[in-house]
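Going in written order, the chains are labelled A, B, C, D, E and F, and every chain counts its residues from 1.
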Amino acid sequence: MDRNISQKLATATVDFDKPGKQVGFFHIPLSVHDDAWGVVPVPVAVIKNGVGPTVILEGGNHGDEYEGPITLGELIRELDPADVQGRLIFIPAINLPAVNAARRTSPIDEINMNRSFPGDPLGTTTRQIAAYVNDVIFPMGDAFLDLHSGGSSLDIIPSAVIEPGATPEQHAANVAAAKAFGTEIAVVIDNRGDPRTATASAALQGMTVIGTEMAGGGTVSIDALALCRRGVRNVLAHLGVLPARMASPVAAEPRLYDLGPKAHVIAEDDGVYEPLHKLGTAVEAGQLAGRIHFLANPGRMPVELHYRASGILYGRRQPGRVRPGNCCFVVASPYTAPQA
Amino acid sequence: MDRNISQKLATATVDFDKPGKQVGFFHIPLSVHDDAWGVVPVPVAVIKNGVGPTVILEGGNHGDEYEGPITLGELIRELDPADVQGRLIFIPAINLPAVNAARRTSPIDEINMNRSFPGDPLGTTTRQIAAYVNDVIFPMGDAFLDLHSGGSSLDIIPSAVIEPGATPEQHAANVAAAKAFGTEIAVVIDNRGDPRTATASAALQGMTVIGTEMAGGGTVSIDALALCRRGVRNVLAHLGVLPARMASPVAAEPRLYDLGPKAHVIAEDDGVYEPLHKLGTAVEAGQLAGRIHFLANPGRMPVELHYRASGILYGRRQPGRVRPGNCCFVVASPYTAPQA
Amino acid sequence: MDRNISQKLATATVDFDKPGKQVGFFHIPLSVHDDAWGVVPVPVAVIKNGVGPTVILEGGNHGDEYEGPITLGELIRELDPADVQGRLIFIPAINLPAVNAARRTSPIDEINMNRSFPGDPLGTTTRQIAAYVNDVIFPMGDAFLDLHSGGSSLDIIPSAVIEPGATPEQHAANVAAAKAFGTEIAVVIDNRGDPRTATASAALQGMTVIGTEMAGGGTVSIDALALCRRGVRNVLAHLGVLPARMASPVAAEPRLYDLGPKAHVIAEDDGVYEPLHKLGTAVEAGQLAGRIHFLANPGRMPVELHYRASGILYGRRQPGRVRPGNCCFVVASPYTAPQA
Amino acid sequence: MDRNISQKLATATVDFDKPGKQVGFFHIPLSVHDDAWGVVPVPVAVIKNGVGPTVILEGGNHGDEYEGPITLGELIRELDPADVQGRLIFIPAINLPAVNAARRTSPIDEINMNRSFPGDPLGTTTRQIAAYVNDVIFPMGDAFLDLHSGGSSLDIIPSAVIEPGATPEQHAANVAAAKAFGTEIAVVIDNRGDPRTATASAALQGMTVIGTEMAGGGTVSIDALALCRRGVRNVLAHLGVLPARMASPVAAEPRLYDLGPKAHVIAEDDGVYEPLHKLGTAVEAGQLAGRIHFLANPGRMPVELHYRASGILYGRRQPGRVRPGNCCFVVASPYTAPQA
Amino acid sequence: MDRNISQKLATATVDFDKPGKQVGFFHIPLSVHDDAWGVVPVPVAVIKNGVGPTVILEGGNHGDEYEGPITLGELIRELDPADVQGRLIFIPAINLPAVNAARRTSPIDEINMNRSFPGDPLGTTTRQIAAYVNDVIFPMGDAFLDLHSGGSSLDIIPSAVIEPGATPEQHAANVAAAKAFGTEIAVVIDNRGDPRTATASAALQGMTVIGTEMAGGGTVSIDALALCRRGVRNVLAHLGVLPARMASPVAAEPRLYDLGPKAHVIAEDDGVYEPLHKLGTAVEAGQLAGRIHFLANPGRMPVELHYRASGILYGRRQPGRVRPGNCCFVVASPYTAPQA
Amino acid sequence: MDRNISQKLATATVDFDKPGKQVGFFHIPLSVHDDAWGVVPVPVAVIKNGVGPTVILEGGNHGDEYEGPITLGELIRELDPADVQGRLIFIPAINLPAVNAARRTSPIDEINMNRSFPGDPLGTTTRQIAAYVNDVIFPMGDAFLDLHSGGSSLDIIPSAVIEPGATPEQHAANVAAAKAFGTEIAVVIDNRGDPRTATASAALQGMTVIGTEMAGGGTVSIDALALCRRGVRNVLAHLGVLPARMASPVAAEPRLYDLGPKAHVIAEDDGVYEPLHKLGTAVEAGQLAGRIHFLANPGRMPVELHYRASGILYGRRQPGRVRPGNCCFVVASPYTAPQA
């Protein structure tokens, strides 16, 4: 029933079943003070040709993560439908209000899109968008590629992200697709089993799911963007929708990591934090990780921060300013596949 | 007269003439809704010993630039007064409200401290702080060290900044002090002759003036912080306030650059910009510098940005999101000293 | 059960069953920072006399639509209970916080009252008001009159609005009542079947439902107010609650229109739009409707807007400033009644 | 199921089953623009020893009520585990974001914690905290002590508050515990049966429940703080968790009151209100209670406010400024226990 | 000196002395949190040919008045330099930040551009723009055309506005130019002699000055835009910069009015106002003009508003919502030229 | 000249020279987004009769201090002109926007009226009001009575405040008038010689000046209001404008105090402060005054606050929440009159 409501209230200016290339929008109604009968026009593109799987490519889930949306926009403009076998559905700026505001969360309802799946067609805008994607677009898909970066608050080693699969088969497919992306490391991130992410919701519908984290700091990374451009093509070739010649050779299999319960170093003080190591450094649990300085009280000694897990420094907070509860460091530990 | 008002309305908890080390505040009255008789407590420290010049060290002129304030706080806590010959006056978080808010400008009056000198003792808070520093502290100084970084919006090559001197003697002293800092490059920045910066105001009072730009992106840079820690000690040793043994050997003289009238590449479109070169790259006027992508309209072609001057890429915008008028790139050109 | 909670948490200062005229409030508890034990006092009035149907009259569903609330306030003050046969329940400012703020949506929870029915007695304020009306007041009613105008963002031809009925009988009753109002045109608006409007919720409870759109632009229209004053009395006479002598003669039956799926012209650009036709003009699908000008870039050519449906120009955006997704024009097409 | 999700998404740094004293946090994930992988660190402490009941002590349900949190903090720091028989679980700042902001409601989601129980582990922060407390902590408890004051908007006679029990046994236990607190009056407050308070939710789980109102005005009352310090120890001794020697002798049984449907005097005008009586004064229904003055129109006569119930003046609004709907006075009437 | 600072700190991308057509910007530096080295790019265009006067054309002084900027943009794009004799300098969106925000005042400093002349090159953005125009552009001009509309808050009869001249000669030139515009009425508006408007500042520099008020309501008026398009060309032909063939024939001389000290009807109550007459109606001092209704208190009688001067209803408030101090009506009275 | 501009731009609806009683406004023009031609209507009243001095009575200088405005409003409504000998000019809500917002400072420009004298007729609203009062009203006065209370942030012993006089004669007149008010203590407050207060500005024009502090906490104090009602009449009788029979007998001369440079205890930490003494308690420099508790970290020990001067506890902060720089306590010390 919800699915019907999503389709009734929202409308797309593209026909998902029509061959060739179309670039348009789906319109989510938004009746607000300065526009009683307006819509949120979320961009969507379809390239369809021949026979093959349907791959859904999403960017802009958080509005301040740019490598994915730039890569998807280029593919939309540059791909020749004749090169496609199957169907590509692009949603390069899914949380459009957040993308326009360059914020992680939507300025309309302050909601994090990646904590709002499967959405609600009668909820606020972010949930309505999630519901449309979940109810109308996801059922068409065989695979789902969700392109994240670190965003304004985090700088992360560019890497493929592996969504834990519900079945061994799905898990293997997810791992294989992540490996095809071509990063040096790939990380299993389960978000504590939170069911509200786009990838968790896509996985529940049975799709093969691939994620990424591409640098961050709220900027566009030259290196991560180059990696993302190659990686997306690689995955599409791996999935058989693009020809193999459009893939780039990958040097080696990525090393696999995951984020354990002690991966995050959380600040308990209000100040400015100084990191001691660069991303990728091998670190040990208990090792000094950084210090929090108190600029308003120069006589006060800094407080020390220590790693809680061993592995590599996978991510760190971008803003120097920290408050209690802020995540300063994230350590990825070597991944051991669950026993069969 | 203004000088008197500054001293009457504001009060310091330290005695600038007392030998030894003191850490305290100067209090700028602030009568607001939730604190009718309160103050803004700007941290200040004094270390005085023996005979020698007075050096004023400032950080936190912009509240999101951290290498300077961290370095100054460490010096305040670690320096033994016996090592000082003369007097050090530290103002490590001069725009305290901005520092607490981690913003370039003060949340109280939205004013940029570095466009508010010589201040106004009866103006809003930022101008009152500037007036106290200009009227009460600057007259005590022989040299002034103003530690900036790129802040939230810019990433800049860590470098000493040369304030143009009013006389050949002052200019030479400024250049010499900047060279002593020990960066690979040093850049003459005149802010179009804007008289409202702290350094311009200090120069007007006849002091030797040294500035810096230390990385940026609103974060704490490991490399820039290390450079800043060494450089400040180097300058203090160069000025004779610290013993030579506390300076670090400097590999070579810095290359000198300045910012010409075409240094800045300004965006004319609303989108997300992609840079093509890393900081330090040699670039030519007319060369393609980057592109602005339109994420909300994936069918629209990106717009190109070009450098307008030749030299090295000295700084670039940190946030990917740009709007018309935003500065995307800054090119520093080789400096030719004015002819005698 | 919900109905009981609505009645327990909220209280009315009027007795809905008492004959005569009462003007009071129903109190929705609102425990906020500056009033821990306060309420939102929603005005309500009851005029009861003799035997006859109960008609519920609502205004202020959107807080910037004034002709309805003004008309209802006058009726409350001026009607002699002796003229009433049955019962009138007035809720002239149902979204009181929005009315006080002169905004479409409530400043308390930013919710559109007309997307919040049937409400939630334990939800935020707008939903609590909707729940009280839906659970406690609607069950008393035989007919429901919901007086809207275009609001701040739209200017609309003053017209009766026909709520689609769930049964042929209800539909016929709705059409007959709308015709009685006495406008030149009447428009069937189904809001894409959205179940969250006041009228949809009232219809679900079996009432005869009449709506309006009365000019707009966030102002009070002299002509629309005159029309509204006559129309409400006409409908009440049509329903038998007021004597026929209080109705005004209506010149002719209104022409019937509806809003099809292509009624709305949505902006895809960010600028200032220029309309080419006045309301009521006959227009054709494909015809040039207006232009979007780019004031910040006078060298850029304007973009053209075209109608997507044929009919009459029924409404247009009031603010000149448009952003992508804003509705600029609404075209009403001749209505063809569904076949029996 | 919800209970499991609460435990999976949130984590505590204390072990609730470990003997001795632990002070830590439970972490509620909060993924926002400036901290993608951060948490809200809600303070929690456990003191466990020997055999006895588990008492849960909560403060900071509203962030501007201070006597409770101060008292609980002192107990956490000062209590010797050897004095405890059973277990004390302290949540002294349950709505941490509200406490940090000194506001009744959370600045994150603007929600009143005391209208959000039993919470939602997938909801906004306030609801997530409530869910963690309700799902994970409440099941461990035998008794629950919820320490409120009047907050920024109310000044209230310091008093124990009696939560109505679901059974005669629970009710008697609640009354006895409230009497043990040692105030001059104790008041039955049922919040119109609203099920969303912490105490109502605790009562539903079968605990003995004790509340308080301790002065208010957004300040710390010297007298109420002294009373709170004594009262909490008295209740813990009454419950057998602390030794009797730690209780203070109580002069006399409190007089019992409750709040009837006409307890509150609500403003209908916009102005500044003048009270005529001090807290504790005996007042009569119909008596003049105060006046609303119109400072912007000095020619306009003030409007009078009258009490609607007889009893004692139990609370009054702190801010002089009132708007329609604000509660100006609260009258407590002598309590008559329900007949068996 | 100020003039020099304006030129030093701001830069134009056009050369005001170069023949032909140029469209560019002048850049006002703006160093803010998210753009340390950015600018405000105010659009400017120059069309120069042959010999003749320099006319400066300004729009966007208030950011929500659109007929002027649209007309100037069209002229910039459409005029052939060969048709010009002299020089046209266009500043079609002088308060660019306000234009982008569609607000009367700038979102940067909340300042009304038309109360900020002659500006301050070291002040906030609005004053810096005013200083650049006043110091750098005004000295080039012989005549100044300032195109206003009623804006968001007022609806005004489209009319030429006569700036009082400092000398009889200047006054006569201003009247003649206003008459050439071709409206049915022209109104002398002296703003109580406020020296801070653009037109007052231009007049002080000796230019012939012409103003307008073109409808309003924050929308684009079809009729007023047509009038504006004709009127600007008419004035330019009258001034000899465009050929006579580009002017439209004007039916008759406009009737002249002015605004006396009792022109404005100011609300003293908080409610929604109902107007009784349409613009252009002849009204008398003392006559009933409208009523203020109290929607939150339907039992309260409306308050009456009366005209204070006789003449025609020249303007009225657009938003229905009024608060004390709001201007509801403006009456223009027949103008009597001052005696020689 | 400024004086002329004040009179030209602002207008009063009362005639200050007309005998009898008038209640009206002076209108300060305010041209903002939602009211282009509106005004701020500041209430003013004049009662004139017979021969005698002109006394100016001001309230609402801070918008959250109520005893003064209430008292002045009552006098305006109740005084019979026949009882007056001379002239009373009332400005009971001088900072009207702040009074309407119930804030210390104006919501329009965030300025403290009592730091904005002598004002600026071309400045922002608060300065324009100050200029009108300073330039137009003050020159008519012989004495000035400025009624303050503690406001939202302070609770202060109700007391007369003595403005230091410029000459021994003026000082003696000020002391005599303050004594006539009839409080138990009177306090000399010089605001560090800040020239921007209303009283300092009035004193500069040669008037006899009397101030007050009447309780506070943002509420209306029953006792302070009673005191204020008596005191104002007493002063007016003392000045000879009201007959002696309208004064209340005063028990004894007030004890005199002043505020020395160490009167204020300023917080250096971020937490919730607990006071140890009630207002009026005799305290000693160095004595423990209170503690700051850290509610978010219950394990952290509180910080102690100590008095810095000896005398009586004259005022204390109302909000429990403190941040660095907040004033927690104010100690008044016995006053020694300056030696002749």
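FYI, contacts are C-beta pairs under 8 Å (C-beta built on N, C-alpha and C of every residue); 3 or more make two chains touch, one makes a residue touch a chain.
Keep in mind that what you see is a predicted model, and the values were worked out from it rather than measured.
Peer 1: Which neighbours do chain A and chain D have in common?
Peer 2: C, F
Peer 1: Could you quickly compare B-C and D-F and let me know which has more C-beta contacts?
Peer 2: D-F
Peer 1: Please indicate which chain is farthest from chain C, where distance is taken between mean Cα coordinates of the chains.
Peer 2: B
Peer 1: On a C-alpha centroid basis, what's the spacing between chain B and chain D, in Å?
Peer 2: 49
Peer 1: For chain E versus chain F, what separation do you get between their C-alpha means, in angstrom?
Peer 2: 42
Peer 1: Can you compute the centre-to-centre distance for chain C and chain E, using the mean CA position of each chain? Integer Å is fine.
Peer 2: Their C-alpha centroids are separated by 37 Å.
Peer 1: Could you tell me which residues belong to chain A and also touch two or more other chains?
Peer 2: Each of 41, 64, 152, 268, 296-297, 317, 319, 324 in chain A touches at least two other chains.
Peer 1: How would one label the connectivity among the chains shown: line, ring, star, complete, or other?
Peer 2: other
Peer 1: If you go through all the chains, which pairs of them touch?
Peer 2: Result for touching pairs of chains: A-B, A-C, A-D, A-F, B-C, B-E, B-F, C-D, C-E, D-E, D-F, E-F.
Peer 1: Would you mind writing out the residues of chain D in touch with chain C in their complex?
Peer 2: 62, 64, 103-105, 112, 114-115, 150-154, 192-196, 261, 264, 266, 268, 315, 317, 319, 324-327, 330
Peer 1: If we count contacts the way the header does, which residues on chain D are in touch with chain F in the complex?
Peer 2: 23, 41, 43, 45, 59-60, 64, 66, 69-70, 72-73, 76-77, 90, 92-93, 96, 99-100, 102, 152, 155, 217-220, 222, 225, 272-278, 293-299, 301, 317-321
Peer 1: Going by the contact rule set out above, which residues of chain D touch chain A in the complex?
Peer 2: 8-9, 11, 27, 29-41, 122
Peer 1: Which part of chain D faces chain E closely enough to touch in the complex?
Peer 2: 268, 270, 296-297, 324
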